[in-house]
């Protein structure tokens, strides 16, 4: 058989198309989300290949130049290149939000497993605390933490991470309680499996599937919270390149009509959040169609 | 006697992604004025779909592909949206299997009645509507004070009576009852069937009783239609359907009911189960399960034959 | 009726532990966590003696347990202390700013509900059609647009380019707030004073902020309403109502929607939390003089008593909303009687 690029391509994408037939729209939503994330991840990993300027470099061109020519997205008041700042800024937001989500899932899952498995007074107290935090607006909590910790990349990560712990806790605790009642866990206990074995071998694998979906959606939310904190001027020192801070800075030039200073950073925040949301939605529909309706 | 309903060659299809479900395929059915017609068959044979088609209540993707549903000579299949709405509840009433879930849990019984009356008689006063609802409740043996209650405060039998009341409040002349007693317990079921018989005389109703319970039809029906795989295989007077069933399917269906009086040694069960409605068997749809199948059965659909006052579709009666 | 009263009383009592926990969290974050309010307020280079004196003054040198009890007693008396920066009680400062926030969130909530619930119900009614897909897409996309960016873009389009709506503040400069009675709720004040020009001006200023906040949250309601409506539309009583000749519109928007709203109502408490978080960002974007802006201004000034006070008020508000939502839920659904 002759080699043909079209056929080779078709072979590569055939599995994707088959999945598309099986799961319909949801699969394509998942793919679109994954593509967005991949593109921005590339930006964050190899900024040098995309950005023509150093993000901190001033005098790259005229002040407040509109998009076009040497400046794809124009320049700001300090004559910095907006596109280069967008490219480098992806590192901050992606790093902080993914790290925050990882951190909160780690703490939340651990506490949830412990609380749900052990029950008793520990479970009661933890549940009461987590439920109360859960209903409290996350952003306000993050603002309070960010204000207390002061600016810094670790500090903002912690401030964002704190607000998602209850989400994981509630999810994992509920599932642990349900699985604990299952016959196969009872059977394992009857033949003398230890508490750790049961937690690790039986409960944890079951819990992890749903957590993946929630994790993805949490990253999307964390992205918007991170940018919100920096937009409000909390959380990061000015030496760090960040979309939210660029947005806050661009806000000053809105009345005079410099639209590119707010349009592009905001668009990127939305796009990144959209990528993770679509990935999560797709996963949720494919893994467990009823998860999000509850 | 005049025909109140005449269904001719009705075909209802549900296109789904793996093909088309032929839920009703060439069904013919007639209901005379004042009679109770029992429509029996196994679950999944299309009898509920047939009932829903009469009021054009099919859920998408289900739709009537072909055929006529003549109500007093008017074709329901060709009616406009407005006429259909006037027909539903106004001239033809329908009650469903599960009375527990057939009433809106957030509306009181009173609100159900007022809404139904207002839908058909736009200018009716609330007072008048309430009075009529009260009269209806008392005629169904329910205290009028319960009008102010909500569905969850009532028993299943009472809710089914409320459903009947809602159906009959506008004096329709045809009632379609789709498995009305399946969700009720045995004593309530018997009371309910008595009530139905009584109402039929008082309101001069014709009833189409859809059920898989042959006991129900035996008690109430004048005539019986037996449905199999989307089509009617045999029609006849209730008595002779039970005594001398002609179609092998009817015979099988009757043999599968436990009969305490006859003290039979064992229960005869029909072999096989309902065929796939996406790709039904060729010829007579019953031939793969029929104990008396012949060569011709798998080749061609038998035409309707009139035998002993029955209409039967079977190659045995040519 | 008697049952309902009993339910309301029990439910109210159950709010107390929740409030206590929220208050404790605020206390922990602001007093126990590392970070010294006094030294950061005094600029970090202040001599040790001055810092100690200030701490003594604010009672921050006492044991934490004493501070905690004192703190709870303060909240119970609704006296949130004095500002460290201005000669003003914290409670007064909050009361002054609260109406602006309530006015904004109230109108935003109306927009959210009208847009979200209607679109969700409409999408469910036209399930799997093109319209449905478009509405679902709207729901996902609007959810991912940060409220502050939406605000900025609306300012840019409607405030700068088209120049039809103001982009900052609650009133125009020509209308002095002293011309009408001051309850702080400008919409009510101007109406009561019969000053319709001022009323128009106030509403004009409300349009962009309220739509910004309202539209952002509508995405969640589109999804919630759609999912619940799909479940409800499958219910037997829907077919039964159809069989009585009730029109399709009435079935969808009266029978089905009312039932679909019940689970949505139970989730309203959480949505209100999102609404308040969104309000902080909207207020900052639109220079809206509400509690959110107060909080941020005082964070920049390191006015800790005020920061603490505003967060406490938010906490109390959250607890109150979840209480009210539960009570409304009990009244709407006749099946719920405790």
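A, B and C label the chains in the order they appear, each numbered from 1.
Quick note on the criterion: contacts are C-beta pairs under 8 Å (C-beta built on N, C-alpha and C of every residue); 3 or more make two chains touch, one makes a residue touch a chain.
Quick caveat: nothing in here was measured; it's all calculated off a predicted structure.
If touching chains are joined by edges, the resulting network of the protein chains shown is an open path.
Looking at which two chains touch through the most C-beta pairs, you get A-C. Averaging Cα atoms per chain gives one point for each, and the point farthest from that of chain A is the centre of B. Chain A and chain B, compared by their mean Cα positions, are separated by 55 Å.
Chain centres here are Cα means. That of chain A falls 24 Å from that of chain C.
Remark: chain B and chain C have CA centroids separated by 53 Å (rounded to whole angstrom). On the side of chain A, the complex with chain C involves touching residues 25, 128-129, 131-141, 143-145, 147-150, 220, 224, 227-228, 231-234, 247, 250-251, 254-255, 257, 259, 262-263, 266-267, 269-270, 273-274, 277-278, 281, 292-293. For chain B in complex with chain C, the touching residues are 52, 55, 57, 85-90, 93-98, 101-108, 115-116, 119-120, 150, 152, 163, 166-167.
Those residues of chain C that touch chain B in the shared complex are 235-237, 239-247, 250, 255, 258-259, 262, 332-335. In the complex of the two chains, the chain C residues touching chain A come out as 17-18, 21-22, 25-26, 29-30, 33-35, 40, 133, 140-141, 143-146, 148-149, 152-153, 155-156, 160-161, 167, 223, 227-228, 231, 269-270, 273-274, 276-277, 280-281, 284-285, 295-296, 299-300, 307, 311, 314-315, 318-319, 322.
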